[in-house]
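As structure tokens, the structure follows; a few thoughts come after it.
A, B, C and D are the chain letters, set down in written order, and residue numbers restart from 1 in every chain.
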Amino acid sequence: MSGSRLTQNPAIDPEQFVKDVCDLYPTKVAKKRLKHFIVRDPSQEQEIEANVRTVPGIITQRGCCFAGCKGVVIGPIGDMVHIVHGPIGCAYYSWGIRRNMFKPREDGHNFLPYCFSTDMQDQDVIFGGEKKLRLAIEEAYNIFKPKAISVHATCPVGLIGDDVQAVAKEMSGKLGVQVLAFNCEGYKGVSQSGGHHIANNKLFEHIVGTDDSGEEQGFTVNLLGEYNIGGDAWEIERVFEKCGIRVLSTFSGNASVDEMRRAHLAQVNLVMCHRSINYMAEMMETAFGIPWIKVNFIGIRGMAKSLRKIAAFFEDPDLTKKVEAVIEEEVAEAEKEIAAFRTRLQGRTVMLFVGGSRAHHYQDLFKDLGMETVVAGYEFAHKDDYEGRKVIPNLKVDADSRNIEELKVEADPTRYRPRKEPEALERLKAECIVDYYEGMMPDMPEGTLVIDDVSHVELEKLIEKFRPDLICSGIKDKYIIEKFGVPSKQLHNYDYSGPYAGFKGAVNFGKDVDMMVNNPAWKLLKAPWQKSPLLKAKLAVE
Amino acid sequence: MLDMTPKEIVERQALRINPAKTCQPIGAMYAALGIHRCLPHSHGSQGCCSYHRSHLTRHYREPVVASTSSFTEGAAVFGGAPNLRQSLKTIFQVYDPDVVSVHTTCLSETIGDDIPSMIKKARDDGLIPENKWVIHANCPSYVGSHITGFSTMTRAMVDYFSDNGDKVKGRINVVPGFVEPPDMAEIKRVVTEMGVESIVFPDTSDVLNTAMTGDYRMYPNGGVTVRSLMRTGSSQATLALGAFASEAAAKLLETKCGVPFQLLDLPIGISATDRFVQAIMDITGAEPSSGMVDDRGRLLDIVTDMQHYLYNKKVALFGDPDQMVALTDFLASAGMKPLYVITGTPGKRFEERVRGILKDVVPGAVVKAAADLFYLHQLIKNEPVDLLIGNTYGKYIARAENIPFVRFGFPILDRVGHSYFPTLGYRGGMYLLSNIVNTLLERKDQDDPEERFELVM
Amino acid sequence: MLDMTPKEIVERQALRINPAKTCQPIGAMYAALGIHRCLPHSHGSQGCCSYHRSHLTRHYREPVVASTSSFTEGAAVFGGAPNLRQSLKTIFQVYDPDVVSVHTTCLSETIGDDIPSMIKKARDDGLIPENKWVIHANCPSYVGSHITGFSTMTRAMVDYFSDNGDKVKGRINVVPGFVEPPDMAEIKRVVTEMGVESIVFPDTSDVLNTAMTGDYRMYPNGGVTVRSLMRTGSSQATLALGAFASEAAAKLLETKCGVPFQLLDLPIGISATDRFVQAIMDITGAEPSSGMVDDRGRLLDIVTDMQHYLYNKKVALFGDPDQMVALTDFLASAGMKPLYVITGTPGKRFEERVRGILKDVVPGAVVKAAADLFYLHQLIKNEPVDLLIGNTYGKYIARAENIPFVRFGFPILDRVGHSYFPTLGYRGGMYLLSNIVNTLLERKDQDDPEERFELVM
Amino acid sequence: MSGSRLTQNPAIDPEQFVKDVCDLYPTKVAKKRLKHFIVRDPSQEQEIEANVRTVPGIITQRGCCFAGCKGVVIGPIGDMVHIVHGPIGCAYYSWGIRRNMFKPREDGHNFLPYCFSTDMQDQDVIFGGEKKLRLAIEEAYNIFKPKAISVHATCPVGLIGDDVQAVAKEMSGKLGVQVLAFNCEGYKGVSQSGGHHIANNKLFEHIVGTDDSGEEQGFTVNLLGEYNIGGDAWEIERVFEKCGIRVLSTFSGNASVDEMRRAHLAQVNLVMCHRSINYMAEMMETAFGIPWIKVNFIGIRGMAKSLRKIAAFFEDPDLTKKVEAVIEEEVAEAEKEIAAFRTRLQGRTVMLFVGGSRAHHYQDLFKDLGMETVVAGYEFAHKDDYEGRKVIPNLKVDADSRNIEELKVEADPTRYRPRKEPEALERLKAECIVDYYEGMMPDMPEGTLVIDDVSHVELEKLIEKFRPDLICSGIKDKYIIEKFGVPSKQLHNYDYSGPYAGFKGAVNFGKDVDMMVNNPAWKLLKAPWQKSPLLKAKLAVE
């Protein structure tokens, strides 16, 4: 592909566009924002600014630390009671909206449709909320007898000085049930991202590796950073099962806390959402000797490629054969089914502004559909998600990042077990199969735009200037985009559809994109009289 | 569904499960969207603004634009003044609203940020352009509910804008409360049809139910204008619809500008709408149009035509307090039996009012403020009902207990109609009641054995 | 349910099973009720009148008053002239209508009663008081359907009343077709909102959706007046909505009084309403109001917002031909797939028109006039659909095949709403589409396994 | 009871009312209508005009012969295919609207939700419809293979001379299935009544007594004139079963044609709707020796009384004991359940204008509820339904009645079997238990009004003058009455409720009447400002 659609139109100079857009801001703000734009030039090592504060007043997609911790990583664990400690809102807004699906296990425990909060009142803010939190944990335990309880601190909790860790420990002892406390107050960090890290840390410290029971045989994996939105994890597991690969635990889609406790028994970790879960992958490798593979199960070819990476890791001829057979069968079927969509979508343009990984993942799938990603960016990613993990050593730690604890991890004295001979591991690393993520930018061709933490006004201008055929974003942008007459696909919640992962998911996605892009309703934006000047009909008596 | 919920009810003092309310700022944001060319601004962490925008967007399926002070740990420690200043600078340059409505959050309230001073300083420092306004509402999330936030922001409109002046006879203010855009439009339509001039505030019609035209407008046509808000101080009287959402603004308007007010129920159903119309008649001498009287009679006609399906049906309802009061009255007047009436918003006044309505009709009714859906579910497990009415969150209970379910109130995340069809007034009553009746009929069709499957109902 | 219906389709030449139409006179009766102070009179056996009144009453849940010639065997043999004379005598003395609309039945048609002569003789003999009218429509039940009867009676209004005269620029006639009272009201509202004077005939609004007030009025406020009907001859143009129900009247008005007409589809959905509005613009130069344009955009907004639930959904629809044409177009434009489109009314024109609409969208669609619900059911048994749209009789199929079902058309005997909420025009489209979407969502909620039960949809 | 509410109000003279109402008509019409009014004076033998033509132009409740035959008597037979021969309307309007319920038997045959018609077109009218009818019967047989088919002639069929009897016979022979043809053209007779008679005749001639198989033991009965509206027959059968009484067949609610064929094996016929089915009762007595009992299962006391009549007929001490026990139990329970309704309904007035029997039957039930019937009348009854069967010998047969065939019936040579010794039968007759119906009028106290074939204008005037608390009528009147603010109970279709027969039905009815009469919604007829003059509020600034 030589240059993107953006650069093929001589009337549009992307560099000029970036400049014009930033000029809308106050000068100092403009200077900051400029660094979040890249007009791709693959011949250069390009650097983008990411994971820094959003300038106050800018209308951003971003959320808070609590959202990243409770909302993204911890909330999906379905057989735990997750208590939000704070005023009612934070619990309320993170209740049932993310479509992280869960099927209860044999014990029937399922707290996913529930919302638990200490519903803090002014008295609690004035006199401290620890007492209420203690009582809330006890009430939750008495009513539900869950296997574990989590507590999530919200903004005021940190300020008034409630020691949620101490309360958790105390109640854990008193009730005999594990209580995990997360200090994920909303103001921490610059986006959801801090919350992911906090969640990773606590799960690693208190859950992973706490149950050594049972022998785990065969090609066992953990799915990390797969949240089972719209049932993605189930489609992945369907294919895995055909191949003979067994998922021990998922972080944290359809997750059971019992299974997470035994995650350290797996052979390899598969990392889907690099941004939200790479901490866990790293820590588990250090502590237990489990390497990780960056996978992307989104897209037909992406799925096939990821399966091959897994096979390559295990270096088992039978598995490789089985994987290849499954790929052949599933790809053929999927390709057949998307053919019609592809015909109708070929050459259409798309922009992606979403999350910390999906804006990259879905580019594979759009390629399968013949669509061109002309602009892409993340909401809360770090530089390594754009430029690859190679930049990590050089990341500067600013005040906002420093607030999020970096655990010191060492090899677990009893549980560390290298999964590969050192040379094999080195080879896999050299082949970029293991412990490797190259970031989004290498996949973005010349002349495309990369935009970090896109703002409302930037989105408006992008649409006006480039009028893409589709924009993938979240709920807050969706109807703004669509009022322009441009279809907008929510890639957080899949517009209440899914699964989109795996082979069948790709077909499903193709169907949904075809529906949105080619919906006849878009032809009705203008009434006939708005399209052509008023015609006096032959009937009119003059 | 909800299999973890035990039938046995034990009192809880600390744990809220499945709330029937949310926090103040979203109400303030919603109210502020009812001002023309206003950009709501959330003074707190980014998450608040994101959650509130997302939630309102899901309910309205419309753009909901608001900005945030994007607090980080530094702001939490040292206060949010610099964030607000930077915000105002950015906002006025980039988004050019006429009004910025700042609402606080639990974070900035706990910190103790003094918004009026910050606004004053920003004004003094020239951060607020000429003919632009910044208003504010204090929204400690740990007090009241989203209704409180709505009420406070509505009150702020009076506080910041209402000018005392010679009273214009025949012009009234209507504070409609936390109702849907088509409800606000319906109130305007009805008052206009009576030949009465009115200022309805806030007014989210044509803001949160706009057209799909291919042309996006950040500030849609709707919303009460600042000019109109200023003129509220010289209206003849104010009708405050709903004690919880609307009384505070009306009261302040009386204190500040001497505009007398009447506190009325939300006009849901026949009697409450009668009282609304009567109040306008009393104040202005205007008469209801014949069309309105016809609509009244049509609504009653549905009640009498379909009484067989309504009479003595046990209903559980939950939602915001002003809505629950009027709805309870409406359902009881149509022969139904509201057995459980629940709101998440705290307020003894609510319980007293609803108990008063049900005193003779359903003496054993359970009426509870500051309650939650977990409790409501347990009540239903102990004595089932024929119908559940409430917001989308009720769907879990409806499925668990296999109860027909009418969506009413805020939020509705899984059906369409609430953005377009009012439930207030006589016409709104027709829509609401048709919905209730049809839901009951649908269920009857499902339940009837084949030999009793009815063609005519 | 309907367990006797085999899947295998065999052609039938004689046996009609589960019809999707009824006979002419009920259509004539309905049309005549759209004239102010008109008493429909059924010239035939008592049963016809009783059946038609009962059926209309069940649909509207309103008084439907009509008289009958009460044929006995004697009349059947010797003709119904004495019965009609006695009828007119009784009617004018006892019920004092302005207009008596006589429609024949299969009986009097088979006998060959010459109604115009009878009316003339009655007039000559002084049986018809001054300033009172008797009009008639021939309604052989063995031709066409209830739509034909409606069309014929509407045509009779032109025939008896329309006066040729100087054309009044800017005034249009609208013949709305066999639609609901709120549809007729909506058409009047829209045209008025464009600032255009119109005569809508017939007009059953405020006749068959009246208020419950405790005061019964045999002749309600609504209905087109005789004076207005007379003035139809001097309007600038006529818009005939629907080829089957409305073209005959418009054509006669052109022939008789030189009023040109445009034949349009019923304004169901966006495009058909666009054409309706465009036609008014073309004729009068008037512009649609901004409110109308907003409503248009709101309707489109529902389509795009909810496209996920509409797109590619296979639909079976049955009903009256003009409705089916416009509805097919609307559903297809919203991305749905009308797989079966059935009307009981005969007419090749229907099939051609609908096939034209579906040509590129659903090439394999089955489109059939003069068909019945037994056939439709068999089609569905052979290839199922996701949604059934039609009148109440569809409920048997919906239950038998477990298909979500939206009631639309005539008659609706088991739900409420059709008397009050239009389905025509942009606003009507919002109501109809909300109903369709919500029905599909309700079903999805029922079908979804617990782990996929959606809060937001 | 000394005089009705009507006469207790000195301001109202019922006689004057009758005169005033009739004065609304043209003179000749007034003279006719006057004969249809009776102001009850039990001291006199009062005669009422009934079963005569409705004057053309009068807005009447009445329907046609077809409605009486197909709609009332034949249509409810659920396992037959009923083909209407004529234009589509007659089949369409009689499709599924009457709430005559049916449960299929073991063979699963159920044609109740179906509508069959020859959908006659102009060609058929011009060239004759026999060919199409033949084909329609054949198609029906080929598709459904029913046990029997009926054909119903509509108005034009008679005129164009289609010989439906000949076609039926021919097709019966050809297909080997029984085909019954009914010449029930709508113009025959003066109301539905003619159709009942035609239906009775054909069923008697071709169905009843055509299957002698099996022995029928015990207390066997047929329910005649019970159409199972809202499940009435099932409630009656519930009580019968408790008593040990067995229903062999019902005419024709929940009827199976197979069971009707064996109706002649029963011990006694129980006549509910005297008007529509007395022909059958008479003919079966003559042909098979089965006496009949007029029963009324409507009302608690009515039900008890009817059960006692049946026991009296069988003269079996065990049965009598059982019946008494059942009555004791059921009456106590029902009385308990209606007590609250009765308290709220006591003294309320009701008018009844319905059918040919229900206007009488329901008076019993209203008495149970403490309500007073002040006006009552039938829609299509004959003089004997008002005045009792004693008047039958003196009925004059007019032109309209003469058109309906009166079958000559004789004792069946092989099947006639007297059910009682002659003296026992005579005794039962003398006790008015058997072959006796006294009509409605004796139950109407002094000063009440009896009105035959009430018209629209009469109904209006009755409401204006007397403002009853409830009017029972049909669908055409219902909303007219209710627009006056007076609740109207449909006694044809029970307002989609029921059962109303038997003990539980009476309770159910009480509940429904209480709902209608005491519905709080009626208090809302007037808006507050319509009740009191406009008050200038204290707020109004003058």
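In this section, contacts are C-beta pairs under 8 Å (C-beta built on N, C-alpha and C of every residue); 3 or more make two chains touch, one makes a residue touch a chain.
Here the structure is a predicted model, which is why all the values come from computation and not from measurement.
Asks: When A-B is set beside B-D, which has more C-beta pairs in contact?
Replies: A-B
Asks: Return the distance between the CA-based centres of chain C and chain D, expressed in whole Å.
Replies: Their C-alpha centroids are separated by 34 Å.
Asks: Between chain A and chain D, what distance separates the C-alpha centroids? Give it in angstrom.
Replies: Measuring from centre to centre gives 71 Å for this pair.
Asks: Where the centres are mean C-alpha positions, what is the separation of chain B from chain D, in Å?
Replies: Whole-Å distance between the two chain centres: 53.
Asks: At least two partner chains per residue is the criterion; list those residues in chain D.
Replies: Only 95-97, 113, 479, 482, 525 qualify.
Asks: Can you list the residues of chain C that touch 2 or more other chains?
Replies: Touching at least two other chains: 1, 58, 61, 210, 212-213, 293, 296, 300, 303-305, 393, 396, 453-457.
Asks: Testing understanding: with touching defined as stated, what is the shape of the graph linking the protein chains, line, ring, star, complete or other?
Replies: other
Asks: Show which residues of chain D lie in contact with chain C when the two form their complex.
Replies: 24-26, 29, 53-67, 83, 86-97, 104, 108-111, 113-122, 124-125, 132-136, 138-140, 142-144, 154-156, 158-160, 185-192, 399-400, 403, 456-457, 460, 463, 474-476, 478-480, 482-485, 525-526
Asks: Under the touch definition given earlier, write down the residues of chain C that touch chain B in their complex.
Replies: 1, 58, 61, 206, 209-213, 293-298, 300-306, 392-393, 395-396, 399, 413-417, 419-421, 430-431, 433-434, 437-438, 441-442, 445, 450, 453-457
Asks: Could you please specify the touching residues of chain C with respect to chain D in the complex?
Replies: Against chain D, chain C makes touches at 1-4, 6, 10, 12-19, 21-26, 41, 44-48, 50-55, 57-58, 61-76, 83-84, 86-91, 93-95, 105-107, 109-111, 140-143, 145, 210, 212-218, 344, 374, 393, 396.
Asks: For the complex, give me every residue of chain B touching chain D.
Replies: 167, 169, 236-237, 260, 262, 270-271, 274-275, 277-279, 281-285, 288, 293, 296, 300, 303-305, 307-308, 311-312, 332-335, 451-457
Asks: Applying the document's contact rule, which stretches of chain D touch chain B when the two form their complex?
Replies: Of all residues in chain D, those touching chain B are 95-97, 99, 101-103, 113, 231, 479, 482, 487, 493, 495-497, 512, 515-516, 519-525, 527-529, 534-537, 539-541.
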